[in-house]
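Okay, handing you the structure first.
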Amino acid sequence: MSKTAKDKIRIGILGASGYTGADLVRLLGNHDAADIRVVTANAHAGKAMAEVYPHLGGMNLPRLQKVEEANWDDLDLIFCGLPHGTTQKIIASLPSHVKVIDLSADFRLRNVETYAEWYGHEHFAPQLQPGAVYGLTEYYRDQIKDARLVACPGCYPTAVLMLLLPLVGGGLIEADDIIIDAKSGVTGAGRSVKEQNLYSEVADGMHPYGIASHRHAPEIEQELSVAAGRDLLVNFTPHLIPMNRGEFITSYVRLADGHTAADLRKVLEERYADEPFVRVVPEGAVPATRHVRGSNFCLLGVFEDRLPGRAIVVSTLDNLVKGSSGQAVQNMNLMFGLDEQMALRQLPMFP
Amino acid sequence: MSKTAKDKIRIGILGASGYTGADLVRLLGNHDAADIRVVTANAHAGKAMAEVYPHLGGMNLPRLQKVEEANWDDLDLIFCGLPHGTTQKIIASLPSHVKVIDLSADFRLRNVETYAEWYGHEHFAPQLQPGAVYGLTEYYRDQIKDARLVACPGCYPTAVLMLLLPLVGGGLIEADDIIIDAKSGVTGAGRSVKEQNLYSEVADGMHPYGIASHRHAPEIEQELSVAAGRDLLVNFTPHLIPMNRGEFITSYVRLADGHTAADLRKVLEERYADEPFVRVVPEGAVPATRHVRGSNFCLLGVFEDRLPGRAIVVSTLDNLVKGSSGQAVQNMNLMFGLDEQMALRQLPMFP
Amino acid sequence: MSKTAKDKIRIGILGASGYTGADLVRLLGNHDAADIRVVTANAHAGKAMAEVYPHLGGMNLPRLQKVEEANWDDLDLIFCGLPHGTTQKIIASLPSHVKVIDLSADFRLRNVETYAEWYGHEHFAPQLQPGAVYGLTEYYRDQIKDARLVACPGCYPTAVLMLLLPLVGGGLIEADDIIIDAKSGVTGAGRSVKEQNLYSEVADGMHPYGIASHRHAPEIEQELSVAAGRDLLVNFTPHLIPMNRGEFITSYVRLADGHTAADLRKVLEERYADEPFVRVVPEGAVPATRHVRGSNFCLLGVFEDRLPGRAIVVSTLDNLVKGSSGQAVQNMNLMFGLDEQMALRQLPMFP
Amino acid sequence: MSKTAKDKIRIGILGASGYTGADLVRLLGNHDAADIRVVTANAHAGKAMAEVYPHLGGMNLPRLQKVEEANWDDLDLIFCGLPHGTTQKIIASLPSHVKVIDLSADFRLRNVETYAEWYGHEHFAPQLQPGAVYGLTEYYRDQIKDARLVACPGCYPTAVLMLLLPLVGGGLIEADDIIIDAKSGVTGAGRSVKEQNLYSEVADGMHPYGIASHRHAPEIEQELSVAAGRDLLVNFTPHLIPMNRGEFITSYVRLADGHTAADLRKVLEERYADEPFVRVVPEGAVPATRHVRGSNFCLLGVFEDRLPGRAIVVSTLDNLVKGSSGQAVQNMNLMFGLDEQMALRQLPMFP
């Protein structure tokens, strides 16, 4: 059933030692058309992937190498999970036959000045920015099919936009009064070795972080502004939850004149009726992060508020899958003319 | 240093087999003036407390008995942690010399019709309701000193009211636009044996519950209405977090005309300047549940919002201590003329 | 690529509301030859599977029904996850064309008296016991292919036997001096609603249980006795660990005369060289439960002891997959002449 | 009730930024005779303790300083929680009026060559070693009272020795056949910022580490050898468990001729009958880490094995309290003629 080697997409994963890289390998490991040829990781260069990620020990993977050593000629596609800034430089240097799916933040913001403001340095590849497609699959599907460079959304923006784009776009809610209380598992911070990510700093407790200053805010605002047809700001307040994976958005919205929570539900249901990975849960049901764990699904919910004229809308996804590697594979499938769901049918794992 | 037995307060704990009962015993175990004479628990009657709570095995406690078997003559004070409804009946039957600190919801709502509406049955002791003092220590201190019956607030209301009462009372925020996103550890649900509280249903994931229908909402609204001088409603949306203890409130508020986040901070700092258990964290610091774990402290924080004219205010406490047993002991100290902080100086446990 | 409906195995899952049932559905959901026709659950009969397990909400499954209502004519195979005793009665009543993979303990012990002794009631289907094949795939593969009734091993026995059978069978260790210190995640206890399985009773702590009395001991002893060619006993001491899935065996063994830890490693490596799901980790590497989470893999390790003449051998697997549902699907594949790895290639999920 | 300042012990805590340092501050915060004058931490020098440990924000503590800046004249006692090697150099340089309670491994091993072998460098203060008293309070109480330098045991050795010393010393078990399967919470690794201690590397899973090579083995062997009257070795195999605090020892022992598990129980019960912090749980009860969480207690248990002639003995304690800071305070109380239990009566916190 497998494709022969010559039919396969020859893939490089840059920055494969992060959790996102590992989950990409996990998903591609069951992808019939994927041939992982190159995996890079600076500090771990020279090691087998199984030394860095023993759970992938059963796979037959190339050794990790430095990004400078990669042979691009050999590749059709790279997934890029490098730190911001670095990504721009590397991608600018690639031969043009290589398609790129970037998982970093480097090409998500259309306005390079907004990028500079939030990331603390100028954009190093402004010439590539106009050609970059924002990889929110359900919204940019057609452009993604023809793109050379896809900038996958951040995990939070994916969860937020899937929930709010139809509501803002349809004029069902007041676009200037959007509160987004977000909760994330610890893998959202990657595998970076910082005191704040130690087990005992995170387990059995919780706290907010990046209040009013998280870098995913401008990305959310950019896309909601497109939907609203004018610039808008949002409240975005993330919290760190003692769980590995999962992201949950509780959004408090003010209904536009004459609309009800039932209208919001209807619009969301219609918008996603044909989408394989996005689902509105039935009235009365409550989504939970564990309902999507390990899968590419995104669940949405709508609730009436006790405050008149308001509603509560929620969404959840696995930050490493639909919020990152899964959406990236979904985009790869589109870019190479494959079944969009290929290698993404894995069901959520509960417990 | 210990008081002699005859100076001590003779205490009964009704419903001692819940987590709240156990934490009460933990705190009273180091209270020089407390003499626990009676502990009741229906299903476990006849057992030693150490069979039900082995961590208390080193203490010299009476055996658990049925509440019907308790000898009230022998007691000065009971803490009551029984299911709602039951509490009202039991308390109505007690001899008048016994003081009561109720940890259930039975006497928290001043309006017995509101009680009936939210708890699904009529109030069984309406004659006692007018004499019940709402046990939010920092706000009803003087009445508590003279009360016979103190109705301790729910854990969420304690965290919310400590945060919002000065802001609503001082007219610093719009009282009709209060969003309360609440997060709680699993002990908030008590030791009740339900599928939804099983380890694997709760660990490594999260979800909201009781959306727009949680019974703590009317309690919060009652007290905020008092502060506002008129009836008001709030959004109150709790979430279940995979941690044992701890409660975190993230409240999204609209500033009243001319006010700033800095004003909110100033008002909170002034209000709690002399309170031993409530503290506003310094600007830039972010409270976390683990900063209060096991202690009677409540921490508050104030942040500017990215949305103009709004602010984000937060609070955290340990739901079993300041949110329940600790506040109960604090009230006991007041009711018996003791140092208010007695047995409550234990510092938070981190990690 | 999918088989047409008429080629598919028509499957019933009895007791589908347990975690094992849910994980079976998760695995079979991606199995091209599986057609789930019947799912039963007594308390939940009448509900959709998605009400009981929302993470399976995207699947098209039949409604849960009572086991008495199942139409056996329609089925080729049942997976049976019922409580012990019940299983024996149900299976005895099935039409003979239906193959059975039992996940309970009811047919694991060859000696029906041993069964009666450990399970507290007589065996209700002793006539079926001789035909039951012990479903440890890597050891009973040929019999499984032709079996009508396969009794899948317990999760602990699977992990222990994979590790110790080659060592006892090859005479490399002293068979009368085997210490098995076992650690299990909480799903090992199933979804049963008991106080001891509540989040706060299990999280952030650990303890042993069933010391010298766990029902998996006779099962382990049965199979090791076969390998040894004589009856033997083992120490088996399980511990409950605050994690959802995963089982870890640390076994302390005395080397038979002249043997070394290196010999143990060599024997295990040779035994499993061609097995797709069992792997000895390289010298120096240390297996962890999270290296197999969600997958059908079993990892083994061998270490020299500080005590002369002894070695430490370890194994790990996911109790719900290789320790239960995954091994069951592996056996199904064999019984129906399919590729043994079908639907089991899912890689471990880390983190 | 507090002592006046001049009666108090003037204390310095070196290496106060580790979890052990923080727990020491937590305990001393309620100690009537303790006056913390100096806290040091190299990387954090200049900060307030509350910046490093916000849960201690309510205390009135000196600022962190570099160890070189400490004024020893002002101090009666230092607790030393520095890395090994460093400790020896610092302590050697202290004025002789300062008493020292060392929480590192630097003075635990009587044989300086054993130290060099296990710690990879020569002992830097061999002249002080003979005067160092091993701070296992229940066994060296009299020497501790008069000591200037007390070397507190490691957390594992404390749990192991409390369990095995009476059994080896009394000749009840075979001293050459001791298996020690140990489990520890993550704080056992301190607050060191290493990938292996990140939340997602540790949560929801487990694994052994330091197999046959952990530095606590020689310490255990040293003390058991004293009890046995001859040199012995032990198996010691630690495992990392996803919990903050707590240590659990499951030890598999061979009974000496004629002895039974009941004899072991009797000997342990008698040995600890008058000890306030060590308790043998009743027959049938099973100790758990959460029964001692946050407290200075150590619980022991004895079980018959299924294997003839063997027994299973267990112990548990909180690694940061009885396994470290609590035992240190207990020793301080002895060294300064105070009530041994002072500041250590805090009951375990469950959940």
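Order as written gives the chain letters A, B, C and D; numbering starts at 1 within each chain.
In this section, contacts are C-beta pairs under 8 Å (C-beta built on N, C-alpha and C of every residue); 3 or more make two chains touch, one makes a residue touch a chain.
Since we're looking at a predicted model, the values are computed, not measured.
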item: Touching both chain C and chain D (chains); value: A, B
item: Chain pair with more C-beta contacts, A-D versus A-C; value: A-C
item: From chain B, the most remote chain by mean C-alpha position; value: C
item: Whole-Å gap separating chain A and chain D, where each centre is the average of the chain's CA atoms; value: 45
item: Gap in Å, rounded to a whole number, between the CA centres of chain C and chain A; value: 36
item: Two or more partner chains touched - positions in chain D; value: 19, 186-187, 200-201, 203-204, 242-245, 287-288, 290, 293, 351
item: In the complex with chain A, residue positions of chain D that touch it; value: 19, 186-187, 191, 193-195, 197-204, 242-244
item: Chain A residues within the chain C interface of the complex; value: 1, 19, 22, 25-26, 29-30, 53-59, 186-187, 203-204, 244-245, 279, 281, 285, 287-288, 290-295, 297, 299, 345-351
item: Residues of chain B defined as touching chain A within the complex; value: 176-177, 179, 181, 183, 200-201, 203-209, 211-213, 217, 233-237, 239, 241-246, 248, 250, 252, 286-290, 293, 303-308, 310, 312, 314, 316, 351
